[in-house]
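Look at the two complexes coming up: chain A is in both, with chain B in one and chain C in the other.
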Partner chain A sequence: MDETVAEYIRRTVLKIPRDEIKTMLQKWGFLSEAQLQTLNFHQIKDNISQEVVQLCEENCADIKQAAVLDIIYNHIYQNKRMWSVYQMKKSGEELEYFDITDFKKKFKGRLRSALKNVTITFKEYEDNAIWIRVAWGTPYKKPNQYKPSYVVYHSQTPYVFISASVLKSNLPLLCQALIVASNYHDIREMELRSHSLNSLKDIVFKRYSQNFQTYYPKPLQGGNVEPESADIRIVQENRSEKERIHRLNWEVFGGGPQPKLEFAQYKLETMFKSDPKMGVLDKKEPFRCLVKFSSPHLLESLKSLAPAGMADAPLSPLLTCIPHKARNYFKIREKKGLFPESFVSP
Partner chain B sequence: HLATSLPLPSERDHLRPRIDLIVFMIDIKSKYSLKNVEASLAHVDASFFLGKVCFLVTGVGRVNACSIETNAVCKLGEAYCSPVLFCELELEGIRVATAQRLLRMLQICAGHIRGVSALSFVSLMRNANDD
Partner chain C sequence: QENVDPQKTAFLLRKAWTLYSVTPLYRFHRARLRDYARLLSAFIAAEKQKGLAVEVGVELDIKVAVSSLTDLRGSEQDQAAVLVQLSSRSRASSRNSEDKLVWSGWFCSVYGDDLSENVPEDFTCLPLFLTHGAESYTSMIGSWFQKTFDCCFRRLAISPLNLSWMVAMWAGCKLDRAASAVELVFSVPRLSQPLDISYAIHPEDAKALWDTVQKTPGEITQEEVDVFMDCLYAHFHRHFKIHLSAAKLVKVSTAVASAHCDGIVKILHSQYLPGVLMLLTELAISQIQ
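Now for the complex of A and B:
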């Protein structure tokens, strides 16, 4: 077995938490159940990984199998990576039958014709997700297995989720291979990024609980904001205001859990508006400013701002439009014309 | 009675008993809370400032998260001739002790303690702070 493959397997196993190693090796299926029985999972990870490498040696593992183990690890720990969303466009309305073998062949063909040194691995999962792992090399160097790109493609949708490696120069090639393989004619990056792959899927597949504006909003559980068990000696003077906030919040965010995003970024290129007498800037130049909101769970924290009294309800549509517009990166420029208000560029 | 700001909604005027003590709660982590209190103070009748107003600063346990200077709050207390209490609501012991203090003040303000009026009590507190 190649030394680099042995080292790669060893390092991959070391990444796995000790309690998960056995299950992951079983999912991998490369080592037989009998072989797994011989492993002592109660020793330190260094030793476990060495033993695993020895067993892989016996089975003559190559980089292809090692790459599958890596996909399995990244599928389970997908939230450690940052994912971007790409949308593909079809030229016509032809409903083509998706053939996975054809897809793989075309994808590999396209990549390999441009770059000889690549490792390409596929794994399909039950939710119609195709995971693709690509390790990139150069015409003169073997692929770097430690900085691969991962692509998740749901074949029934035009969306692709990419966690690129640091080498951004390979991205155009990757995108090209995707559209060729999936019979689309164009691909564009959406302004939507997060660590939570499932949340990104929720947003673009519209799987989160959206609220549809109704003209006769139903009272929520009898219109009570406070639970019935609250002390009756406490009188809430602003109950109607609290209920208004609660209702507005429900209209905007819906009742269910929000998709998990870690930040929203707004790039402002607007004119600084101030009292003309203050004259902060001599020239009328756009004021460049970047506003970034970060949170372990941005949308839930936005949802709790008004009820917590930290913001007025309703919240700015720039914040609340994030799931509907499927974006968390915005560019705000001056609107030129009669009404110089800022607008959000596409 | 809990309110988020003053003035109180007028539709509940007929349901409200006499107000004996107003405690303005300022979250030391929120500049907005101080602004809100300052804006609400304008709606308070002058007679309340004779011992029936108190400022309660919360969240003082989290030193790293302070957004307001204690100096600013103390100046506010001086300007309105009202005592300033500091507490940390997240610690049960301090929470209970603060509640007991407020309750004591309320008893005085409501006239339940013989021989001590709200005004005499607040000037007692002020003199103690000056030392």
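Now for the complex of A and C:
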């Protein structure tokens, strides 16, 4: 077995938490159940990985099999990577039958015709997701297995999720191969990025709870703003205001869980406006700002701002449009004309 | 105070310093700096023997140097700054290997007249203490100074009010080179999911705003700072409908310096070093009094 393959397998196994190693090797299926029985999973990971490499040696593993193990790891730990979303466009309306073999052949063909040294691996999952791993080389160097790009393509949709490696120069080639293989004619990057691949899918596939109802159910005992106090001396202040905020929140965010995003970024190129009496800045140039919101769960966090008294209700459409506009990067410029208070986002 | 030699103070720049306030030192004698270095060295060695080892593994000899930074002061009334540096040389390495600086701390006073005026003769006022390096060394050195000079160290937190002073002041500074953005970082912790907001303004635009707010050159009032901040809050609210004023300002960052509410400061420009130190000295003194 090639030393580089052995080292790669060793390092991949080392990444896996000790309790998960056996399951992942079983999913991989390259080592037999009998072989897996011989492994001692109660020793330090260094030793476990060495033993795994020895077994792979017995089975003459090559880079193709090692790459499959890497896909399995990254599929399970997909949230460790940053994913961007791309949308492909078809020229015609034809709904073509998707042939996976044809797709793979065309994809490989397109990449290999441009770049000889490249490792391409596919794995299909039950939810119609095709995972593609590409390790990139140069005309003179073998592919770098430690910085591959991952692509997740749901064949029934025009969306592709890419976790590019640091080598961004290969992105155009990757995009080209995708549209050639899937019979689309164009691809563009959306302004939508997150670590949570599932949340990105939720947003573009519209799987999150959007509010289709315009009717807000009457607040019942449960799910209301503040719990009733047993002490009658405590009176809920501003009860109607609190209920108004709650209702507006519901109208915007719906009742279900929000897709999980970690940040939203706004590049503001709007004018600074102030009360003329204050005698402050009155430039004709935009007041340039960059605003970044971050949170372990951004949309839930934004949803709780108005009830906490931190924001007006309804919340600004700049924030609430994130899921249905499917973007979390924005450039905001002043809208000219009748409504100077509104903004346009290209 | 403008004649601070940039070469001597270069080591202060671009490092994150943790801030403390220090009460006046009793019977501190500048002539005895070498003695203090020796005593401190012995103290640290003893602490390590007691089992308060700092680094596991390679045995390190810690060398202590205590020096005066004569130019680092504000007025003639200020005491010159005192610098303490800990270097290590691994016992395993050869005799010619260089010492590695592992910890620095310095006491200073820049226009600290408010404090020094009201203090009896035996006391030396150096109310601001800045450290860079492992916390364990900081606490050892702090203990020694406390025991030896009967003084008291306290972490210097920086309130949102003071942070807004800093950002307003520093945003207005004139800089030759292209400057980095004026950034304010807010935290909203008490939500179901914590939220951090970074609000970064183009330095030219921030300065333009401050220039129209500040009415008297060379003087800054609380009212001007409030107007500046209100403008920033209003601009933000116009877009996002969020009341930033209700969030907690935790960090401000400009091309001159950056400051964090936990009492951590980074100074980036030697030109404004005295100004920054003066502000920090003032904060230290108000914490002491």
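Assume the second predicted complex is superposed on the first by the 308 of 346 C-alpha atoms of A that agree within 3 Å, B and C clash if a C-alpha of one lies under 4 Å from a C-alpha of the other, contacts with A are read in each partner's own complex, and residues count from 1 in each chain.
Throughout what follows, a residue touches a chain if its C-beta (ideal position, glycine included) is under 8 Å from a C-beta of that chain, and two chains touch if they have at least 3 such contacts.
All values derive from a computational prediction rather than experimental measurement.
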| task | For A:309, select first, second, both or neither according to whether it touches chain B, chain C, the two together, or no partner. | result | both
| query | For A:36, is the partner it touches chain B (first), chain C (second), both, or none of the two (neither)? | reply | neither
| request: In the overlay, answer first, second, both or neither for which of chain B and chain C A:241 touches. | output: first
| Can A:1 be said to touch chain B (first), chain C (second), both, or neither? | neither
| query | Hey, is it chain B or chain C that touches more of chain A? | reply | C
| request: Mind working out whether A:290 is in touch with chain B, chain C, both or neither, as first, second, both or neither? | output: second
| request: Mind working out whether A:321 is in touch with chain B, chain C, both or neither, as first, second, both or neither? | output: neither
| message | With both complexes superposed on chain A, which partner does A:173 reach: first (chain B), second (chain C), both or neither? | response | neither
| query | If you lay the two complexes on top of each other, which residues of chain A touch chain B in one and chain C in the other? | reply | 309-310
| message | For the complex, give me every residue of chain A touching chain C. | response | 266, 268, 270, 272-274, 278-283, 285, 287-298, 300-302, 304-305, 308-312, 314-316, 318-319, 332, 341, 343
| query | What does chain B use to touch chain A in their complex? | reply | 1-5, 8-9, 11-12, 15, 30, 32
| For the complex, which residues does chain A have touching chain B? | 234-238, 240-241, 309-310
| said: Per the contact definition, I'd like the list of chain C residues that touch chain A in the complex. | reply: 181, 188, 190-202, 205, 208-209, 212-213, 227, 231, 234-236, 238-243, 246-247
